[in-house]
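Read the structure below first, then the notes.
Chain naming follows the written order as A, B, C, D, E and F, and within any one chain the residues start at number 1.
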Amino acid sequence: MNRLFVRSQLQRFLEEDWGTGDLTTELICLEETAKAVIRAKSGGVLAGLPFLQELFLMLGGVYVKPLKSEGSEFEEGDTIVELDGRADVILSGERLALNLLQSLSGIATRTREFVRALEGTGVRILDTRKTTPGYRFFEKYAVRVGGGHNHRFALYDMVLIKDNHKRVAGGLREAVRRVREKLSPAYKVEVEVENLEELVEALELEVDIVMLDNFSPEEVKEAVKIADGKVEIEVSGGINLENVREYAIEGVSYISSGSIIYGASWCDLSLQVL
Amino acid sequence: MNRLFVRSQLQRFLEEDWGTGDLTTELICLEETAKAVIRAKSGGVLAGLPFLQELFLMLGGVYVKPLKSEGSEFEEGDTIVELDGRADVILSGERLALNLLQSLSGIATRTREFVRALEGTGVRILDTRKTTPGYRFFEKYAVRVGGGHNHRFALYDMVLIKDNHKRVAGGLREAVRRVREKLSPAYKVEVEVENLEELVEALELEVDIVMLDNFSPEEVKEAVKIADGKVEIEVSGGINLENVREYAIEGVSYISSGSIIYGASWCDLSLQVL
Amino acid sequence: MNRLFVRSQLQRFLEEDWGTGDLTTELICLEETAKAVIRAKSGGVLAGLPFLQELFLMLGGVYVKPLKSEGSEFEEGDTIVELDGRADVILSGERLALNLLQSLSGIATRTREFVRALEGTGVRILDTRKTTPGYRFFEKYAVRVGGGHNHRFALYDMVLIKDNHKRVAGGLREAVRRVREKLSPAYKVEVEVENLEELVEALELEVDIVMLDNFSPEEVKEAVKIADGKVEIEVSGGINLENVREYAIEGVSYISSGSIIYGASWCDLSLQVL
Amino acid sequence: MNRLFVRSQLQRFLEEDWGTGDLTTELICLEETAKAVIRAKSGGVLAGLPFLQELFLMLGGVYVKPLKSEGSEFEEGDTIVELDGRADVILSGERLALNLLQSLSGIATRTREFVRALEGTGVRILDTRKTTPGYRFFEKYAVRVGGGHNHRFALYDMVLIKDNHKRVAGGLREAVRRVREKLSPAYKVEVEVENLEELVEALELEVDIVMLDNFSPEEVKEAVKIADGKVEIEVSGGINLENVREYAIEGVSYISSGSIIYGASWCDLSLQVL
Amino acid sequence: MNRLFVRSQLQRFLEEDWGTGDLTTELICLEETAKAVIRAKSGGVLAGLPFLQELFLMLGGVYVKPLKSEGSEFEEGDTIVELDGRADVILSGERLALNLLQSLSGIATRTREFVRALEGTGVRILDTRKTTPGYRFFEKYAVRVGGGHNHRFALYDMVLIKDNHKRVAGGLREAVRRVREKLSPAYKVEVEVENLEELVEALELEVDIVMLDNFSPEEVKEAVKIADGKVEIEVSGGINLENVREYAIEGVSYISSGSIIYGASWCDLSLQVL
Amino acid sequence: MNRLFVRSQLQRFLEEDWGTGDLTTELICLEETAKAVIRAKSGGVLAGLPFLQELFLMLGGVYVKPLKSEGSEFEEGDTIVELDGRADVILSGERLALNLLQSLSGIATRTREFVRALEGTGVRILDTRKTTPGYRFFEKYAVRVGGGHNHRFALYDMVLIKDNHKRVAGGLREAVRRVREKLSPAYKVEVEVENLEELVEALELEVDIVMLDNFSPEEVKEAVKIADGKVEIEVSGGINLENVREYAIEGVSYISSGSIIYGASWCDLSLQVL
């Protein structure tokens, strides 16, 4: 991981919460040291440990000892991390540390549920760009910890031709033509199709992945037959934990769901000074 | 609102998603203009409009016409905003625009539910510092749009003595003493108490607000009697939409719940080029 | 103290003075090491030591040994700090180190004079927001070192309704009403009053502190009687070292004076390589 | 002037004071507009107007009409600037606007006094690098407005060999030798000398300016004779308004005094909404 | 193009050259306006015009009229651009404007030569990551203006397994296995092969592009036969203008050469005030 | 050297290349360590070593052992640096490390050639401001490593009156007058002259250096006679390795050539994991 990038993000988060100073802690904590633990008040999949460690490395004076490993499952009552060192640093860093661990473990936990639901099918669960502004790097990391895979990170690392692009260009064919004329060979081209006719059109064009948008499981089956292995198939739209397995049809490579990130609930963790 | 601050945050969000360029849109959109709408696919309370407007002002070339006002309720099928202008700008800004509107409207919607549940009681619903790292300014704004009130923004604008501070200082009394010795008069002091004994102790000290942490409604009633109007009372811990009204006991000024932010679900909005 | 914040500020200060390089030192200092001292050429109260230490920690290669403690008084001829290490680092950091120590010790020294003048009265001396743009964090820190207290840090951490706000709102009552309708309970509300009538009006409103602006000592006495302990009283305007004690009337909690910062004179310190 | 540089500095200053928002003004000012004036409560030389104008340009919605020109003298009661526009913008920008004008006009005023004292002598008054960390660009600008000249801006734009450099190098001659061996011809070399012997040594070396450090007027006269026009002469150390004219000896080109910046008093200005 | 990104880069470039001010221009240019032209002193392909326009838009007060279009060819003596407006802005921006145009036109010119050499072959010329630190966005843009295509922009947008990766992983097969196990489907995988045996191995693995590193034209022909259209073929290493056409063998999709960027010569342009 | 400045630049370069992560290396390198060497594939003068060392210090986990010293000459096949440590860090940093070393060594190599050509003449070779936007600090450093000298760094550290300034001011005399009226004595004034008449005019004015622009060697000889040691003489325009010695006429102090930077070719270096 690019540690310098992570540090610059953590510094920004600290500025938000700490700014010119922690009024409470700076007055209360003199030279005290403390031991503290982060405990789970409900179960989940742990994500965010490397950021917690980097955070206290940046702040200095606190030794971090994880009792659970990144990606492992924890249960209510489990001690996740032990902290030992300067009391002021532990208290001033507490909220950011927990906000990171709770939100990221929440995403990892939800992702793991989708991964479980797809177990044995070979179909991979993907995230999307529906992420919290400014926090995407961390959210997408948590998806990987949970066992999911990332879709493209941003607008600059893959071509994805969606409905609105097709409308502006005057159709899928013209949109792909414009892209292919100048696109760097470094990038894949994916197109979103709304129905089987469009899929047929897409298959005549130079595309790497086709996203079936809001297809029913039956339509997906039909689409897989038509595609006949010529492109990778991604299914998207209206996927949830209940129906995800129905969509894991042979021939489908990926199922993407923004909700593994934006629909995740925070894990319940707390930090206690002993 | 500090527009320069907002702009610097939006610039950061755009860097995340747009970076060195939008591969798809830059190749597909030539000189086209487009009209587009943002439509609701489910109901909610609208929040984030000023950021959407600022965003397209920064990008340039797109006229934004809101059809709903900030804080108003919308229903499935409603058109929220009309956009008219450069197609490339609309498409490259679409995802960030929606991520802002969807997440913030989600928070405003959830907050409004708490506000409704408390209607007529005079008790105010507050958020906490359990927010997404780097996104707190926006999340707390959405709480206000929803009709809630903000608790402190960060560590630097209020004193809040929590359990861990008391442990480090060796008790509530000593913690308050340390704070009062040097604290600027600009800031309020709030203390978290775990039980009625601690409340009694807090009432002897110079504090502005007492937070009753994880009290049952009965304990809250008892606490209000003991406090007898000498301090403001905030109730916190274990609050949800079902039980919030039970806690709106006369004498309680505030009920705080981190979940109005971290527990909110995104509203379902989409942008369509016409 | 938020060390990461301090570091980012010091880095900015270094960029200002050092930029692309120290032409003189880079050519003159080869591999030499040096011992140096910072000496006082006049007396004062020491402030800024933690920044000096952080500065040389950032630059590396120099051991800093303070001979005086932060907040202590020094006299002409006293050695404040000993430095030992890389000659180039000492010489390139010298000016910033001194600019910090001299300006901040000047503020601490002036503040201490006000504190002395108020000794035994229980009245606290406060600073204001009349500070050097970009340097407020440091200046307000020096006030605390001198024994003073800080007023609010900035526009975002307290409400202070001044004359101009009243004019825009159409009066004090309306101004307070607007504020109270939506204000977070985390923040105090202070109002500035110009005369006793306005004080009476203020006492009917929900305010935490009243600032008596440009009152004579006699008017202050009258005001204290009227207020009768219902709000905290701050006296401001036209305060100087000569008259400050006259204003330290029983019932007054704070006297604020921008001049403890902007009216302070730099202490005279110099750095000498031995 | 590099407007983009100025803007980035002003943005930083605004972040310091305004941060996440102006609690008071955002609640009090609704859609009001206002007229306001900046008035002088004592006399001085005006400096900072271009920054005031740039500031309100950045904030938007306020028309700024200067009634005095930059560098002109004003008297108690004079109206310096009229503002007309959004009330919230005027009130949120007020403090920074005044902090800039008051501090910079103070420097210009003090500088003008030195310039007056030197009138007719042809000797120029210079500032030094004894400036407030992070605010040097503005302080040095105010010196020019006052009629003074700037010494070097920073460590990167001129060579100045001071006492400590000589000690590290083992003498003036060796210090100059090291510098001259590799120095870019773009930069001047100035050396500080402590006595006439050192001046004699300096005259044998390739230097552009010699600074006579802490010389009495008599010693300066002697020095000028010895130098005999071979180098430019700068007098420094212990200069004040009372003695500066004594040092304006024929043959002296510059007198430098850090105190025209750090010793300046703020001008007394206030902003009133009408 | 992401204009906000471009602006932030140009701001950085201006800080480098302009910093605290243009000593010469600020003193010499009073209220003058000027007309100026940018003329070619030798021929080439024009690149950088949009940055020139954005630059003067940021600086303000100068009207830019291009007489040549981006990507067009110019000859010695041609006028490229006319400028009309504030003399100080033209002179302070001159050097950066020319540095951009000269370096980027140089790259476009060199790229065009390779494109010409490959004309009719259908083979595309690609750049590499051998670029000037901090300037890659601009250099890769110039390649596209010249008619070339970009390889991946950076480490984050494509997988490229090179010799050193294979050594660390213990072979190509293991390297590809590790990558494929967790890689997001958004990204292509390219592998560098050193000889025909490795090509055979690569063809058994799941890779999108194979780079033939330092192959002779004969070896390339052999490789194309072996690959038999199963992967895209890129030729790299030791390519120059003289031999590039020899490598444009049927079945080769891309030829990459870092030297179209780092080996380009600046075009000779100058700006003259009329 | 200002290490903090260097670090901030290197961080920026890393963001460009590494951004949110190195897709390839993060998946391929597990816990492996590696030894690697940087080898020369052609000869040159080494420059950039301190940046390479700082880079790996920032990244951590790799020990850097230089086998050649900065400024020394290397030949094809020489090992320049040995690296030992974390394989992932070596591979992710490889490209930036090489881009720095190759470009800077190229400039040092070309500069050394000019220095050689001028050997024994006492004339110094200078660079110009024709540098790659954003990379000037490094390029000018490399010139010094090669044995050349730097001309001014930027617009803020010296006055250079060029042709366009004269046109705006209405002549050389007026341009110098305007500059001298207000210029800080810290800065030198250089003027560019186009012919002998202008040189004569320049000699009557207060200038430190005269740049003879596009003079033939014969004209330079004439100019030197006319100048007669009253100012320093710099020769510029149309200088190359073939004719530079012809211009090294007695009385000329400097010859400047932008091409020692923009005309340099990258050295050919490669990094191999052993």
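Please note the rule applied: a contact is a pair of C-beta atoms (placed from the backbone, for glycine too) under 8 Å apart; a residue touches a chain by one contact, two chains touch by 3 or more.
Every value quoted in this text rests on a predicted model; they were computed, and no experiment measured them.
Note on connectivity: the fewest steps through touching chains from chain B to chain E is 1.
Contact with both chain E and chain F is made by A, D.
Ranking all chains by how far their C-alpha centres lie from the centre of chain C, first place goes to E. Comparing the contact residues of chain B and chain D by number shows a mostly separate set, under half of all numbers used being common to the two copies. Set against the Cα centre of chain A, the chain with the most distant centre is D. A count of contacting C-beta pairs for D-E and for A-E identifies A-E as the more extensively joined pair. Note: centroid distance chain C to chain F, computed from Cα atoms, is 45 Å. Chain geometry summary: the mean Cα position of chain D and that of chain F are 32 Å apart.
Looking at chain B, one finds that residues 18-22, 92, 137, 153, 156-158, 182-184, 187 touch two or more other chains. By the definition of touch given earlier, these chain pairs are in contact: A-B, A-C, A-E, A-F, B-C, B-D, B-E, C-D, C-F, D-E, D-F, E-F. Those residues of chain C lying in contact with chain F across their complex are 11, 14-15, 18-22, 26, 58-60, 92. Partner chain A is touched in their complex by these residues of chain E: 124, 126, 144, 149-153, 156-158, 182-188, 209, 232, 234, 253-254. Residue ranges of chain D in contact with chain C, taken from their complex: 9, 12-13, 16-25, 27-30, 32, 34, 36, 87, 90-92, 94-96, 98-100, 102-103, 129-138, 154-165, 167-169, 175, 178-179, 181-184, 187, 262-263, 265-266, 271-274.
Those residues of chain A that touch chain F in the complex are listed here as 1-5, 8, 137, 153.
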